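Look for subunit A in each of the two complexes below; its partner is subunit B in the first and subunit C in the second.
Take a look at the complex of A and B:
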């Protein structure tokens, strides 16, 4: 399922062409099968499960961005939540109504605003280049953390943009060429299932996730990805090979921020509200930055499909457990010491991180690589940088 | 290419078999034998009300108390015959004070319920605002910000934070604790709760030419010593708090330790009986609390009745959430009975009945409520109380239900 590795012909073991073709075909079929299942899901599952799935996709898009930065380019960032907020605010402001006296809006088309939010987040990431280009490892991590606090402050004080912590502001619902992704507009039925807001948003999010995935895979296997990995492994050597180290680092940070920006815009569409945090733990707080880091560690640093699986676990588990427990009456205890879905899921994902770091530092992606027929080489030293 | 066929076949099967489980979701809204229209959450024998509460997050004590209050009410209401010959059933989910979890749980619980007897937490209420409006589900939030009143389906039981502070400051002035032209400090959490309280201070200050030193904090700042030191430098004559109980303790301890010793006003959420056992216990005498729902051990017949029933049914340490949860149930009961009279138990019927509810009595668990004017708080009356370790529940009344003249003049943000 995973072949994020560089296609370096020299390193690939000699495989008979016929077998390689077959492997590739099986893989392609698996991907197509997965896509078909994902396309069919809204016809089967109820709105609550779709909502949970959408939340996992938000995590997936953000995690892909972070895995490119941390795993491929070797830069630690704890600022992901800040760019999430930037994208969320960007979308809401660009698409917001122009005649609201309380908040500022530009009244642009929602699809254009979504693209604009991604660009804004990327530019902000680029603006951080003087810092991200000079620092590395834990130093960069701590420096980037300051952005989360900056976001907290700006979210609270820039009330005309964010709506303020008191009430927040309502984002414009998404629409594409006049087709609304809400319960309004043309009534559509597919196989007897009405396609309403939950189903429409599912397809939108699926499209965005697939786009994010394809672009990331392309970046990883292209010249850009090679330059990132060269910088990650040895800056001096990369520089000798003709890679502009500063530019590669800044570029990786901007791309990662763009992904976070898209995830942020998806977040406001999912929540139906943009509401800046009241404390450092919130929708755009430290806890979210750490959750994204957990996703890429569990998934296997640098692996794009791994990031998606990580998001499935970290963003999905609390949601799925809550839904199941509401259905089946699990964990119905109350008060101090009660075992509840929220608590159970934080234990599980904490344990997952520890187990991964101890026993499979390559993350779930490494396990995936072992059990799939692929004979591709592992990424050189892809973890622990 | 032959190998593609199985996949294509699989896809076809998947797509074709899709016309299944989800299809045919229609809200049954016919009238029953006695001519009562019923919609979502209502069957021939039951009315289901939703509870979205916090059993695991920062407000788990309050959430548990309110939920138990709701349950006590449902038991009493059913024993008295229910509404339209139907028994009330509660459907409870735990969101752990996390808006994202609440957002996912909502579509699961929404089709099963007529409305919500509890929706705890301002982040949760904010995230579900659009859903409540588009699904027309009447919901009672355990959050008292007047900013929520732009949503006609929100039923706030009690007065709002801004009015609590206005009434409280008026009480301070009546007691001679502040006078026109004074400087006061207001420490608030930057968020729905704190900011709404600040609106009250600002309004009162304008009327009485007070200078308000505003201090913004986050809900995780737990040491307010520096802030109180700053207020001392400003020469404040009183401090207003819209903070968490832990922050209240810190502010009061600093108020005493620094020798500032000014009276402190706080509204409903600032006090928790555990403060009486904290290091700040001997500094609490400067605190006055204003609230529209009574403490657990209030000296009122109905409160005593609820307290006795609570002690018989539950083991946990009681808090102010229990009488409040019971009172919300009583208001829901009044609305259900009104809807019954109208022979309309659909969501539209409930919303209409809420508007007709001009006098919901909870036998003084909460001041009398009037929901007929959209955007206007249902009451402007509060109690004033002071912490007292010797009183059961830790709070003693210093003034029964009252409404300040300034509170009458105050225009809430969404008041028409």
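Take a look at the complex of A and C:
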């Protein structure tokens, strides 16, 4: 799990400060440029593409959480789908109507419910600490898989919360201080483009993704991130150095679950329905846990920007393929043995995992690091980024 | 009481199949320290070849083809993917097998489409009565076959040259290599054996008596239940794999009857969690110790 292979070259010549400032400036400008492009996208692309982009952002938020846990703290987890379900259900129940006799709801403000869903997922992650703290490696991976099966069972049986497998339940649409993220409410136009549901949700998801990204970067380069990496590399050494290993492991699990919870709440907003799975291969099933793991591996374990790129590939590919297929006439076959966008992208990310492990264990992040050697490689926190 | 007896027999029959799969995990893990997440796809692959060749070869011939090709696929995976990345650690290789699993599983599920064939023609769905309890032939044959295979494996593991080499390698890879044990051959055989066991297991899994469903994505997920079996027994213990398999079979059968069918899948994992909290490396696994 550790990416000790990306050790910094010890004898790297110190970069002159002026040059370092310049590269830092260039990098800041690049990030700002990317943000401007992302902000402008709703003005140029239509709703279907925005929807695809939103799905990639859901993957991005979840993948950032998993990369912190697997790459930074060195704990293999296959439970991500469970916490996704927890966040999805948390948001729907907290914001749900109180007077529906079929399902239970608390009628809270949607923004508050979103925060609540994140907290619920984090607490559930914390509740798993007695198990996650004692196990490591593959044992932990399979142990965490049990949460997915538990989620499958609870989703099916707790119908007052989830709405049941047959119909599911509709989540309350998101709104912030009374401003609805739907087609209702005040008509807004930006450069002649009406800002409706698709555009509004795009900006909401973008805000959440940026927040998730910034918080994760801060955590990685702070004391917390250092304690995670210390635990990852050697638990005994970490505890000798004064790291509370149990607390660091529990903390990493809780933070990662919180991210998954947020991604889960975004998922119900995206689908506009909460529907628990009928089998273990569904919206919150094993396949989703594995897809998130794929994003993290492809991006380069422990790298926050890498996780975003991994999400772009794994979650983006099926969306983009299905949008293009209409234009190109691909995937027109139906019935037995038809190639679907989801199938093709499964092949692609399966192959990508194999290639990454065989040829570039550091993932895309390592490739990125190689083509931008200006990064100051001597700081310890750079190792995991 | 009769129901209970019947459940125990059924549970043991299922457990025997899980034991075969769990033994596969354990053999691979012992030889290479890699957890093979692609085991479910080996199961599907063996089953699929049975389906393809059944018309021309008949059930027995097709089963043989299925078993052999599951073994060969495992061997090829080891030769062409895993052995080529010696620099990668065991955990990355486990992740690599996830990639392999995704590709093989998706392709076979695509090829199967909506046809979900049953595989255990020779014994499927022929219940019979003994002293008031109804028994399924699949479970009995599974118990018998598993008993024979596991005994044979245990004997080979104890007494054959391969077994000695394998145990030496599991104990200390470098020392074994220095003593002249050809580690690549040991590893390759371990994968081959594990694949063969998976190919045998699928003949029982894709039956009416076992899963009530034919070869499908569901078969793959049933194979996943061998994970808790292997982990529960201890990943590096062959005896643990057998015990773990039987425990999983019993827990599934009993909880399906006394709690609910939906719950039985999670029950297996819950039992595993409880065992892991008490004994973090399984019932018979070697404990990791850290020296400070």
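Assume the second predicted complex is superposed on the first by the 353 of 385 C-alpha atoms of A that agree within 3 Å, B and C clash if a C-alpha of one lies under 4 Å from a C-alpha of the other, contacts with A are read in each partner's own complex, and residues count from 1 in each chain.
Please note the rule applied: contacts are C-beta pairs under 8 Å (C-beta built on N, C-alpha and C of every residue); 3 or more make two chains touch, one makes a residue touch a chain.
Just so it is clear, the structure is predicted and the values come from calculations on it, not from any experiment.
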item: Touching partner for A:149 - first (subunit B), second (subunit C), both, neither; value: second
item: Which superposed partner A:139 touches (first subunit B, second subunit C, both, neither); value: second
item: Which of subunit B and subunit C A:167 touches, first, second, both or neither; value: first
item: Subunit B versus subunit C as contact partner of A:245, first or second or both or neither; value: neither
item: Which superposed partner A:352 touches (first subunit B, second subunit C, both, neither); value: second
item: Which of subunit B and subunit C A:38 touches, first, second, both or neither; value: neither
item: First (subunit B), second (subunit C), both or neither touched by A:343; value: both
item: Partner chain in contact with A:367 - subunit B first, subunit C second, else both or neither; value: neither
item: First, second, both or neither for A:183, with subunit B first and subunit C second; value: first
item: Intersection of the subunit A residues that touch subunit B with those that touch subunit C; value: 152, 156, 279-281, 335-336, 338, 343
item: Of all residues in subunit B, those that touch subunit A in their complex; value: 3-4, 6-7, 10-11, 14-16, 18-25, 55-57, 60-61, 64, 67, 93-96, 98-101, 103-109, 123, 126-127, 129-131, 134, 145, 147, 189-192, 195-196, 216, 218-220, 316
item: Subunit A partner contacts - residues on subunit C that touch it in the complex; value: 35, 81, 84-85, 87-88, 91-96, 98-103, 106-107, 110-111, 113-115, 217-218, 221, 224, 227-228, 231, 235, 260, 262-263, 265-266, 268-270, 272-273, 276-277, 280-282, 290-292
item: Residues of subunit A that touch subunit B when the two form their complex; value: 25-26, 29, 32-33, 36-37, 40, 43-48, 50-52, 55, 152, 156, 164-168, 170, 183, 190-194, 198, 270-273, 275, 278-283, 318-319, 322-323, 326-327, 333-336, 338, 340-343
item: Touching residues (chain side subunit A, partner subunit C) in the complex; value: 1, 5, 76, 130-131, 134-135, 137-139, 141-143, 145-146, 149-150, 152-153, 156-157, 235-236, 240, 279-281, 286, 290, 293-294, 297, 335-339, 343, 346-347, 349-354, 357-358, 361
